[in-house]
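Presented below are the structures under discussion, each in the form of C-alpha cells.
After this come two complexes, each holding chain A, first together with chain B and then together with chain C.
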Partner chain A sequence: MARFIVRRLFAVIGVLFVISVLTFLIFQVIPNGDPAARIGGQHANAATIAQIRHTWGFDRPIYIQYLKTMGQIFSGTVVSYSQGVNVLASIRRGLPATLSLAIGAGIIWFTLGVLLGVITAVRAGRFSDRALTVLAFIGVSCPPFFLGALAIYYLGYKANIIPLGGYVPFTTSPGQWFSHLIAPWLVLSVLFIGIYSRVLRSTILDTQHEDFVRTARAKGLSERQTLFRHVLRNSMIPVISLWGLDFAQVIGGGAILTETVFNLHGVGQFAADSIQMLDVPPILVITMLTAFFVVLLGAVVDIVYALLDPRIRLSG
Partner chain B sequence: MAPAEPLLRVEDLRVSFATEEGVVQAVDGVSFTVDPGEVLAIVGESGSGKSVSVMTLMGLTRGPNARFDGHAMFGGRDLVSAPDSELQKVRGNQIAMVFQDPMSSLDPVYRIGDQIVEQIRAHEHGISKAQALDRAVDLMERVGVPRARERIRSYPHEFSGGMRQRVMIAMALSNSPQLLIADEPTTALDVTIQAQILDELRQLRSETGAGIILVTHDLGVVADIADRIVVMYAGRVVEQGTLDEIFYDPQHPYTWGLLGSITRIDRDRSERLPAIPGLPPSLLAPPSGCHFRTRCPHAFERCTEVPELISRLPEAPEHLDRCWLEVEAKRSLRQLGDQIGLATGETVIS
Partner chain C sequence: MSIERATEASGTEFSTDIPAELIREEEEAHLPPGVGPYELAWRRLRRNKSALFFGGLFVVIVVLCLLAPVYASDIAHTGPNANHITEQIKIGGKLTYVVNTIGLPIGPTWHSKFFLGADFNGRDEAVRLLYGGRNSLEVGAVAMLITMFFATIIGVLAGYTRGWVDGLLTRALDVIWAYPVYILGVALGVSLAIGGIGPLHGNSLLVPAVVIGFVYIPYVAKPVRGQVLGLREREFVDAARVQGLSHLRIMATEILPNLSSTIIVFIPLILANAILLEAGLSFLGAGVQPPNPSWGTMISDGIRIIPASFHLVLVPGIMLVLAVLSINVFGDGVRDALDPRAKVRVSH
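Moving on to the complex of A and B:
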C-alpha cells in the first residue's frame, strides 16, 4: 500500500509536468495567441506592445517563461493576462460551486446509471429494456447546453419552479443551494446516466453467462441473490473506472457547458472565460488541477478495484 | 430386482431451443433411472445432449427460448414442470451439481468458505454463520483439502484446479444431497488429479448412499466407477446397460467407436489412436432415421427408419440399444483383431 501511494505521487508529478509543458507550448503556437497584443488592446502601437512584452517577460526564452510561470503558480502569485487577477484566488472562489456540482451530480449519475443498468439488464429484450434504451440514447445525444437551456426556459422562466441560474453557497442557505443546483445536477447527469447504464447492462449480460453464476443458481440461490451477490459485484469494475475519470474531470472544472449555462461561477465557467480570452495562466492552472484530480481519482479507483476483486493487487 | 421406486426417473425428456437458425432438438426423448447409491454414467461426444439433459433436471437450461417435454420424477416432484421457486429449494439441497471447469465455476471475488456457507445457509435458515463455517471446514477435510481451517479463508485463485474441484464437491455435499450430478468433473484436470477426484466420488457414494450421475465423454473415466451406462448420440440414447454389458457386449456401433478410442497402454504405440470418422450431426437438421448412420460404416437401407430403444438380447432385458443390425452381425463387425472398435472402411452386410 505504501509503495502504491509513493508510486502514484511520482505519477502525479510526472503527469503534471507533461501536461503543463504541453499546455504551455500549445499557446505558443496557436495563431493570434500573442498575449502582449491582447494585453495592449486594439489600439496599442508597436512600441507599447514591445514595452508590454518586455515587462511581462514575453521576450525571454520560452523555457524561462515556463519556469517563471510555474514558479508563480506554486507560490500562488500567478495573475491572469486579461484581467490581472490572481488566478488561484479566482479558482478558490469558484471551487465551492464546482465541488457542489460535482459531488451532487456524481452521486446522482452513479446511482441512476447503476439502477438503470441493472433494470435494463434484468429485463433485457422486454419492453421496459427497449424503452429505457431509447431514453438512454436520447440522453447521450443531448448536449448539456441544450438540456440546460430547456430546463431554464421551461422550469425556470415559464413554470418558475427553479431559479434562472447562479449559485448560492450552502452556508448562506441550504435550501437555496439545493434549488440552484438541482437542475445543473440533473442536466450534467443525463449524459453519464445514459453511458453508465449501457456499459453496466452489457457487462451484466456478459457476467450472467459466467460459470460461477450458473454455480450460484445450482446452489439454490434466488435470482435476486444471484444478481446482487455474484453478478453485480463482478460487473462493477468498468462503471467504477468511468466514474473515477468523469468525476475527476467535473471536479477539475470540466463541466464547462453546464457551469456556463447555469451561470454557476465555478471553476469550469472561469475556464470557459479564460479560453475565450486565450488567457494562458488560468487555463494552465485549471488543466493541471484537472490532471491532478484524474490521477488522484485513478488511484482511488484502483483501491476500490482491489477491494472488489481480490485477484487485483495494488502495484502502482 | 430393481427397488420399487428409483431415486430419479426421467421419462421421455425432450429439450429444444429456438435459435436464429431454427429449432435445435438438443435432447430427443431420453429416459433413464437412478437408484440410491448407484452411479449412472451418461457418455457421449460434445453436443450429444448429455449436459443439457442433466442441467435440465436442475432447471438450469430454462429460458425464454427453451421448450421442455417429458418428466423427471424426483421425490414425488416433476423437475421438468416444477415452478422455479420449488426447484430453487431442490437445487443445491436434495440435488447438487459439480461442474466441468473448476477454474471458472467459483466466484473469484468471494472466499472459499463464504461460498460454501452461502449454499448451506440458502437451505438451512436457522444455522448461524459460525456453525455453517464449521461444517464447511468438515466438508473440505472430507474431500481431502489439507489445512482446511486456514484454507477456508482463501480465494479461488489461490487454489489449484484439483483443489478447486474438491471445493466444488465439498460445496455440492454441503446439504447432504440424495443425488449428485457431476458434469465432466475431471475433464479440466490433470490425469493424476482425475484419479483422485474419481476416488472421492467413489468414496462418497459408499459413505452417503447418494445416487450419482456422472456425465463424461470419456468411457475410460467411467470404467471403474459406474454401475450403469447411458450412451447418448445427437440428443438420443443409443444404448444403455450395465458397465459389463456396455464394455463386453456393446450393441451399438457408436459405442464400439467410443470403446475403440479409449487410450490403452497395452496397445502398440506405433498404431494411431482410432477415432470415429466425421463429426456429430447438426442438431438443427439431424439425419433421418438413425442419427449415427451418416458416420456408421455398417449402415444399410433400414437405417433411414428410427430404430427403437429396446432390448434385442433375450438374455439381457435391461440392455437396450437403437441399432437395426442383427445381434450376430454386430458381434462379428465390432471385433477388430482382439479388440472392440468401429471399422473405418465400408463393410458389406450379407
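Moving on to the complex of A and C:
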C-alpha cells in the first residue's frame, strides 16, 4: 500500500510536469501570440510593448519564463496577463460553483446510471429495456450546451420553473442554490447516465453467466441476494473507474460547456474565458489542477477496486 | 469525457438482444460452408432493422448537406454568408422585413426563400443549415481520418516493437489522456486560429479537424496497442518472422489486416464524438470560425440571443442530434454484427 502511494505520487508529479510544459509551449509557439502586445492593448506603441515585455520577462529565454511562472504558481502570486488578477484567487472564487455542480451531478449520474443499468439488465430484451436503450442513445448524442439551451428556454423563459442561469452560494440561500443548480446537474448528468447504464447493463449480463453466480444460486440465495451481493459487486468495477475519471474532469473545470451555457462562473468558465484571451497563467493552473484530480482519483479508483475485488493487487 | 476509459469493461453496451451469442452460434451452424466473416457480419447487420434505418437516415443527411450549393442557387437563391438584413420579402402577399426594426429575424416561412427563417444578420437559415452541416460533417470526417491514421500507426508501432519505443509512445498517450479534452481542444484551436502553422490558420476548416483528430488519438491508439500486444505472440507472426519477413512487412501484412474489425468499429464512434466535439469547440469560439457556418456555431449564435428566435437554436440542434444519433445507432449495429463480444464501446 505504502509503495503504491509513493509510486502514484511520482506519477502525479511526472504528469503535472509534462502537462505544464506542454501547455506553456502550445501558447508560446504561436507566432502572433505575443502576450506583451495583448497586455499593452490596441494603442500601445513599440516602446510601451518593449517596456511591458521587459517588466513581465517575455524577453528572457523560454525556460526561464517557464520556471518563473511555475515559481509564481506555487507561491500563489501568479497573475493573469490580460485581466491582471490573481489567478489562484479567481479559481478559489469559481471553485464553490464548480464543486457544487460536480458533486451534485456526480451523485445524480452515478445513482441514476446504476439504477437504470440494473433495471435494463434485469429486464433485458423487454420493452422497458428497449425504451431505455433509445433514451441512452439520445443522451449520448446530445451536446450539453444544446440541452442547456432547451432547459433555459422551455423551463426558464416559458414555464418559469428554473432561473435563467447564474450561481447563488449555498451560504446565501440554500433554496436559491438548489434551484439554480438543478438544471445544470441534470444537463451534465444526461450524457453520463446514458454511458454508465449501458456499461453496467452489459457487465451485469456478462457476469450473470459466471460460475460463481451459478454457485450462489445453487446454494440457495434468492435472486435479489445474488444480484446485489455477487453480480453487482463484480459489475461495478468499470462503472466506478469511469466515475472517478469523469468526476475528476468535472471538478477540474472539465464541465466547460455546462458552466458556460448556465453562466455559473465556475472554474471551467474561467478557463474558457482565459483561453479566448490566450491568457497562459490561468490555463496553466487549471489544466494542472484537472490533471492532478484525474491522477489522484485514478489512484483512489484503484484502491476501491482492490476493496471490491480481493483478486486485484495494488501495484504501480 | 470521451470514448472508453476503462478497458476492462466488455460487451456491446447498446444492444438489446441478450442471449444473442447463443442464437447466433446456432444460426451460423446452418450457414453454407465458406462464408467469410464479413459476409456473416453483413447478414447480421441486415437483420438489425433499427441500425439500417439510422444508417439510411445518416446517408440522407449527408446527401442533403452535399446538395447545399444546389439548394442555395436553385431554390433559395442566396449564399450561406449572403446578408439580407435590410431587405423585404413577400409572405402571403404582403411585404415583411427579413430582420424587423427591433432586430428580430423572421421565423420559418415554409417557402423557397427563408424556408427556416433568417438569422440575425438576415442570412437564410436553411441554406446555412445545409452548408453548416457540410462543414460539421467534413470536420468530423477529416478529424476521424486523422485519428484513425495516427492511432493505428502509433498503436501498431508501440505494441509490436515494445521496449523503449512502446514506453515513450505510451507515456505520450497518457499525457494527452490526462489533459482535459475541452481545454486541450480549445487551447490548440484558439492558438492555431490566431497564430497558425502553414495552412493551419485563421478560419481554415483544417484547424478544428486537426485539433479534434489529435485529441482523440489516445482513445484509439491504446486499445489498438493492446490488441497488437496479443497478436504479435501468435503463430502466424512467428511463421512470418521465420520466413525472413522484415518487421515493417510483418506489421503491414500480418498485424494490420487483423486489426480491421477494431478499426471499423472505431470509425463511427470517433466520427460521432468528433462531430460533438466540433460543436462544443465552436460553442466556445475555438472551432469553425465565422462567417463559416457549422451546426455548433449556429447553435451558439442562437444561444446568445435566447429567448428571441429560439428556432435558431432548435433547427441546427435537432440536425446535430439526429446526425450523431444516426451514426451512434448504426455504428452500434456494425459493432454487434462484426463481433458480438467486441470490447470497445461508446462513451462521450
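Everything below uses one rule, namely that the second predicted complex is superposed on the first by the 312 of 316 C-alpha atoms of A that agree within 3 Å, B and C clash if a C-alpha of one lies under 4 Å from a C-alpha of the other, contacts with A are read in each partner's own complex, and residues count from 1 in each chain.
Everything that follows uses one rule, which is that a residue touches a chain if its C-beta (ideal position, glycine included) is under 8 Å from a C-beta of that chain, and two chains touch if they have at least 3 such contacts.
As the structure is a computational prediction, the values presented were derived from the model and not from experiment.
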Tell me which of chain B and chain C touches more residues of chain A.
C
Which partner does A:Leu22 contact after superposing on A: first (chain B), second (chain C), both, neither?
second
By the touch definition at the top of the document, which applies to A:Ser90: first (chain B), second (chain C), both, or neither?
neither
Chain B versus chain C as contact partner of A:Ile138, first or second or both or neither
second
Is A:Leu221 touching the first partner chain B, the second partner chain C, both, or neither of them?
first
Given the touch rule stated above, what does A:Thr260 touch, chain B (first), chain C (second), both, or neither?
second
Of the two partner chains, chain B (first) and chain C (second), which one does A:Arg311 touch, if any: first, second, both, or neither?
first
Between chain B (first) and chain C (second), which does A:Glu210 come into contact with in this model arrangement: first, second, both, or neither?
first
So, A:Ala271: does it touch chain B (first), chain C (second), both, or neither?
second
Just which bits of chain A does chain B share with chain C as contact spots?
125
Where on chain A is chain B touching in the complex?
125, 210-212, 214-223, 225, 229-230, 233-234, 308-311
Using the touch definition from the top, list the residues of chain B that touch chain A in their complex.
58-60, 64, 84, 88-93, 96-97, 99, 101, 104-110, 118-119, 122-123, 155, 157, 168, 171
Which chain C residues qualify as touching chain A in the complex?
1, 5-6, 8-18, 171, 174-175, 178-184, 186-188, 190-192, 194-197, 272, 276, 279-280, 283-286, 296, 299-300, 302-303, 306-307, 310, 313, 317, 320-321, 324-325, 328-329, 332, 345-348
Complex contact set, residues of chain A against chain C
15, 18-19, 22-23, 26-27, 29-33, 124-125, 129-130, 133, 136-138, 140-146, 149-150, 152-153, 157, 191-192, 195, 198-199, 201-203, 205-206, 237-238, 241-242, 245-246, 249, 252-254, 256-257, 260-261, 268, 271-272, 275-276, 278, 283, 286-287, 290-291, 294-295
